[in-house]
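After this come two complexes, each holding subunit A, first together with subunit B and then together with subunit C.
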Partner chain A sequence: MKNVKSSTKQLAFYSPKNINNARSFILGIPITVWLVLIVLVPVLLMFIMSFKQKSGYEILNVFTFNNYLEFFKNETYWKLLLKSFRMAFIVSIVAIISGYPLAYFISRRLRKFRNFFYMLIITPLWVSYLVRIIAWRTILGNRGLINTALLNLGIIKEPLSIFLYNQVSVVITLTYIAIPFVFIPLYTSLEKIPNNIIDAARDLGASEFNTFINVIFPLSLPGLVTGFMLSFIIALGDYIIPAQLGGNTGIMYGNVVWAQFGGAFNWPFGSALGFILFFIAAIVLIIAQIFGSKEGIFVE
Partner chain B sequence: MDKESSNFSQIVLKNVSKVFQDFVAVDNINLDIKKSEFFSLLGPSGCGKTTTLRMIAGLESPTSGKIFLGGKDVTNVPAYKRDVNTVFQDYAIFPHMNVWDNIYFPLKMKGISKKEAAPKIEKVLKLVNMLNFSNRYSHQLSGGQRQRIALARALVNEPQALLLDEPLGALDFKLRVAMQTVLKDIQQELGITFIYVTHDQTEAITMSDRIAVMRQGVVDQIGTPDEIYNKPATPFVASFIGEMNFVDGKVVEEYEDELKVKIANNFIICKKNNYLIKKDDEVLVSIRPEKVYINPEQKLPNQIYAKLSRIVFRGDNYQITTQFDSSELTSVVAAKSINLNFNLGHELRLGWYTEDVQVFPIQLKKNIIKYK
Partner chain C sequence: MRININKDNKTYIKNTINNDGNNINIIEDTTIILKERKKFKFSFLSFYSVLIYLFLYVPLIVVILFSFSASKSTVTFSDVTLKWYKELINNSGLVSSFLHSIQVSLTAVVAAVVLGTSGAFFIVRTNFPGKRFFMTLAQLPIILPGIIIGIAMLIFFINLRVPLSMLTITVGHISFTTPVVMFQVMSRLARLGRTYEDAAKDLGANPIKTLFLVTIPMIKTAIIGGALLAFAMSFDEIVITYFLTGSWTTLPVFIYGMMRFGLSPQIYAISTIILLLSIVIIFFMAKFTGTKAEELMVRK
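== the complex of A and B ==
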């Protein structure tokens, strides 16, 4: 018995499993290099920059915490950051609430034209970002679609300005931008659920509703978390939509960061602001990731 | 099993058909499955076994016909309200729940609290010998273990009938044989009606009380394993189950309940059956290899002479092939019971009893299954 065991151990060294390990290690090298170059290096450069000091139009090679202190001293910055978090959160929630039924219906209910509808929902991604933003201006504006419709219906006498240049218009447009990014992972995780799992639930006494609550929804959680994270990142860092549609009240943290690199020409401070955002966002995403992938789903 | 309850019809299918688009998957079948019966649906791949099972479960609705469960018409009752549970071919264990929660699921759907459920769950876990696995997830179980959990989950509600769709198909041979015993024991212990789908004839023969043999959406024969094996109703059934010799022949004489059939240059006697076969009809004659005796000591009712053409040793028996004119007959004899000092080409005397031969109209020859 003992001999058999030890010999299988020796054999195991040459087994396909080990070859696979080596293989995946080698295959992993390009990805790692790519990650380091594209992700880590810029962040590191930004991190270094955030400890320097601006003086006139020059950046002094000193080491200082002033940029970070400035953020905590000046409440406009961290209040704006909180507000941006709140907006990004609302955007992600709304995007999921509107994207989920869509993904559910198309992936699990539709028998025909599934690919057609899938493409239909992600086609906005093929259209330029700016064009889509401008399109929303024409929908929400004074002479926009909504006002014209309401005027023509006689519901209002004067065009309403509540639709544009505020937080609401920013949230609406960000949500619109985020929906495909929520839809894709949701659709993928819903479509992946094997039919016989659903059949088993029905067979074991679960009504349509109970099947959804107890089986479909939990199994779609990884997709939901991924969608939430994507949407959250997109919304949190955006500065174009607040700039175009936000007016005074719709301004977001991204605009301030952007301003430091543009008009203010204070790269060190901009870097510090950027790194703070990066750091907090990373923590949020890690928490979401841990929560979302608690149970390995479909390991086989 | 007491006599009275075993006559109660648990599941009845009346003229049930299922058409997918324009493909007839199940064609007007009738089944009457008794309480506590181990009933198998046996047939080759694609013959409509799963579809039939799914219609009983309520996961598919019949295109026409009616389904009765415990005497009630359930044709339009949705799956979740039917008192039958299924063990799916690939087990369909919920991947996001551990074993305990998987088995709790059907109880939870009935509104039973965890506390109340605990002893029931323990009982079925014990039944399938998986007590120590409550905290495992599906991906931490072997195929055989998953199978047991799927079984426990389907049994915990004590349904009127358990539907099993090739539950052992994915297991290796030894485990399959072991699980056959487990299943049969559980069925006898609980007295629950089992409807068992399989394409494995040995499995069906060894486990079932009765078998329905299906072919392309129709049921060719329903009967006990003994009837199915020894009195196959069609050439299809005869060829699908066990080994079988088929020989073409022609009826030359018709008696009161027997037929005289000419095969090649020999005359044999067959018993009449339900088919309308008359004098001068072309027929197909079938006989099991183990019913063909070689050089029998006494003279049997049917005898022919044939030349030995092949001997194959198969462990516990020999398969002996003989040739007469253009026909071939194989026979199987126990390895130790015969003295095989023959050369190939040696002439042997083959004999068999009249009741061991089946005779069919030649038109049914096309339904013979050949695995080659």
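== the complex of A and C ==
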């Protein structure tokens, strides 16, 4: 048996497919150059930068852990990270509460125009990030739509400042951004559930509610995990939305990272903060890969 | 067959035709309650879904409406006007940043098509150790928070002593447009297999003929779809671009600068243009790639 196997291997080595392989390795050169030069080297340089030291307006070529120590010693930073964690968590939960019934409805109840309604959800996904921020500032602002409506209805006498420049406005806008990201993996995993499994559960006497709890929901869990993780990362890493809608109390981790490259001009510390974010995102993505749906992240 | 539901809701009369061909009425009292509950759930779900759709689209509609409002305030809507759109043309900074954006996006998309398509062939058609890891790394620019890519690219260019310019922004955009195109083409290639090309070769076509007459026509729409999606994402990008911008700005960065002085009708007008442009692009993208969920799961 062994001999047969090895001889087929030998044969396979000379088969046309493997000659093509040699050719397609040449095809791999551009993408490998791109990957190394535009993705890996910059991230590596950021990692190296995080061990350097700022002194005045110079960056000293030293090797030090001071930037990371500073993060753990100075409670402003890790407390801000924890706060951002909490906000990102809330965003993901709210996005799932909004997105799950919607994904369920479109994937399992809707018969006509399913693709159209699907596209309606994901169209805002890629477009007009800034326009969506503008929209929410218009709605939540001191002279925004909600305040104007409340004033005109006579419910309030002065415009309320509770809608804009706080954590709530940041969470609302981040949720708005996150819903499509939660929706897609949920939709994919819900749509994949074969109808005969559900019919079987119903035939065996399970009520609709029990079928959902015991059959549909567990099968949609991988999609749920992927959606949660994606929206968590998006919310955690954002700095434009907190800067535009957050005011002083709605500031998030990303803003502090950004500040190190802007006004504070402390690139080594900013890189360390950035790398901490990278590390967290990597852990979240690994969790998503193990427990989430494979289609959610990988396009294969 | 006709069904009349009795007033007590527990029985119903089924008007049907029996074996002899006569019209008869049968009184039954079985599953009507179940059916009614199903109907109720359906309407609750659809009601909930309508709410989410409103949540997603009302903010965008608000922006479009305000762009036509004659009143300069962002609160009251008085008359319909096109004057803000006319003012846009006189805003030279805005016009030039618009042209800059088109330049950047077109260049980034062309580069992405070359890198992404060859890369897709490489990954799908070649077996090499660590392929999954290679793919995971290639996804980093679209999966990681933009702020990390922004920092990493900024440090990369400063190390190379490249001043912040159109070049830095464009390379920054190539980091995420490439995987967008690549994953679109990859999923198409993986789905098609290589049977058609093998058939072409068996029928006597040489490799160049096979490439131009079989392979490229098969993946053409995936390339176009991926390119359109990449263009829409690049045209709108701000999170990475903000780090790489010197005095040469793109449209989103310019609008972001305008927003510092509050929201103006001009901002609504340009937002509306961006919004409609993006929707048109996404519409064509969906036409080219099909709306299969797995193919669309590419994130920013």
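To be clear about the criterion, the second predicted complex is superposed on the first by the 239 of 300 C-alpha atoms of A that agree within 3 Å, B and C clash if a C-alpha of one lies under 4 Å from a C-alpha of the other, contacts with A are read in each partner's own complex, and residues count from 1 in each chain.
Everything that follows uses one rule, which is that a residue touches a chain if its C-beta (ideal position, glycine included) is under 8 Å from a C-beta of that chain, and two chains touch if they have at least 3 such contacts.
Remember, predicted model here, so these are calculated numbers, not experimental data.
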Inset, instruction - Return first, second, both or neither, reflecting whether A:215 touches subunit B, subunit C, both chains, or no partner chain. - result: first
Inset, instruction - Would you sort A:35 into first (subunit B), second (subunit C), both or neither based on which partner it touches? - result: second
Legend entry - subunit B versus subunit C as contact partner of A:123, first or second or both or neither: second
Legend entry - Which superposed partner A:206 touches (first subunit B, second subunit C, both, neither): first
Inset, instruction - With the two complexes superposed on chain A, say which partner A:55 touches: subunit B (first), subunit C (second), both, or neither. - result: neither
Legend entry - Touched partner set for A:196, first subunit B, second subunit C, both or neither: first
Inset, instruction - Based on the superposed arrangement, let me know which partner A:234 touches: subunit B (first), subunit C (second), both, or neither? - result: second
Legend entry - Greater subunit A contact set [subunit C / subunit B]: C
Inset, instruction - Check the residue A:188 against both partner chains and state whether it touches subunit B (first), subunit C (second), both, or neither. - result: second
Inset, instruction - Please work out whether A:142 is in contact with subunit B alone, subunit C alone, both, or neither, and reply first, second, both or neither. - result: neither
Legend entry - Residues of subunit A contacting subunit B in one complex and subunit C in the other: 295-300
Legend entry - In the complex with subunit C, residue positions of subunit A that touch it: 20-21, 24-25, 27-28, 30-31, 34-35, 38-43, 45-46, 49, 98-99, 101-102, 104-106, 109, 115, 118-132, 134-139, 141, 143-145, 148, 176, 179, 181, 184-185, 187-188, 191, 208, 230, 233-234, 236-240, 244, 254, 257-258, 261, 267, 270-271, 274, 277-278, 281, 285, 295-300
Inset, instruction - Note which residues of subunit A are touching subunit B in the complex, please. - result: 194, 196-197, 199-207, 210, 214-215, 218-219, 295-300
Legend entry - Residue ranges of subunit C in contact with subunit A within the complex: 37-38, 41-42, 45-46, 48-49, 52-53, 55-57, 59-60, 62-63, 66, 73-76, 114-116, 118-119, 121-123, 125-128, 134-135, 137-141, 143-149, 151-156, 159, 171, 174-175, 178, 182-184, 186-187, 190, 229, 232-233, 236-239, 242-243, 252, 255-256, 259, 263, 267-268, 271, 274-275, 278-279, 281-282, 286, 291, 293-300
Legend entry - subunit A partner contacts - residues on subunit B that touch it in the complex: 54, 57-59, 78-81, 84-86, 88-90, 92, 94-96, 105-106, 108-110, 137, 139, 153-154, 157
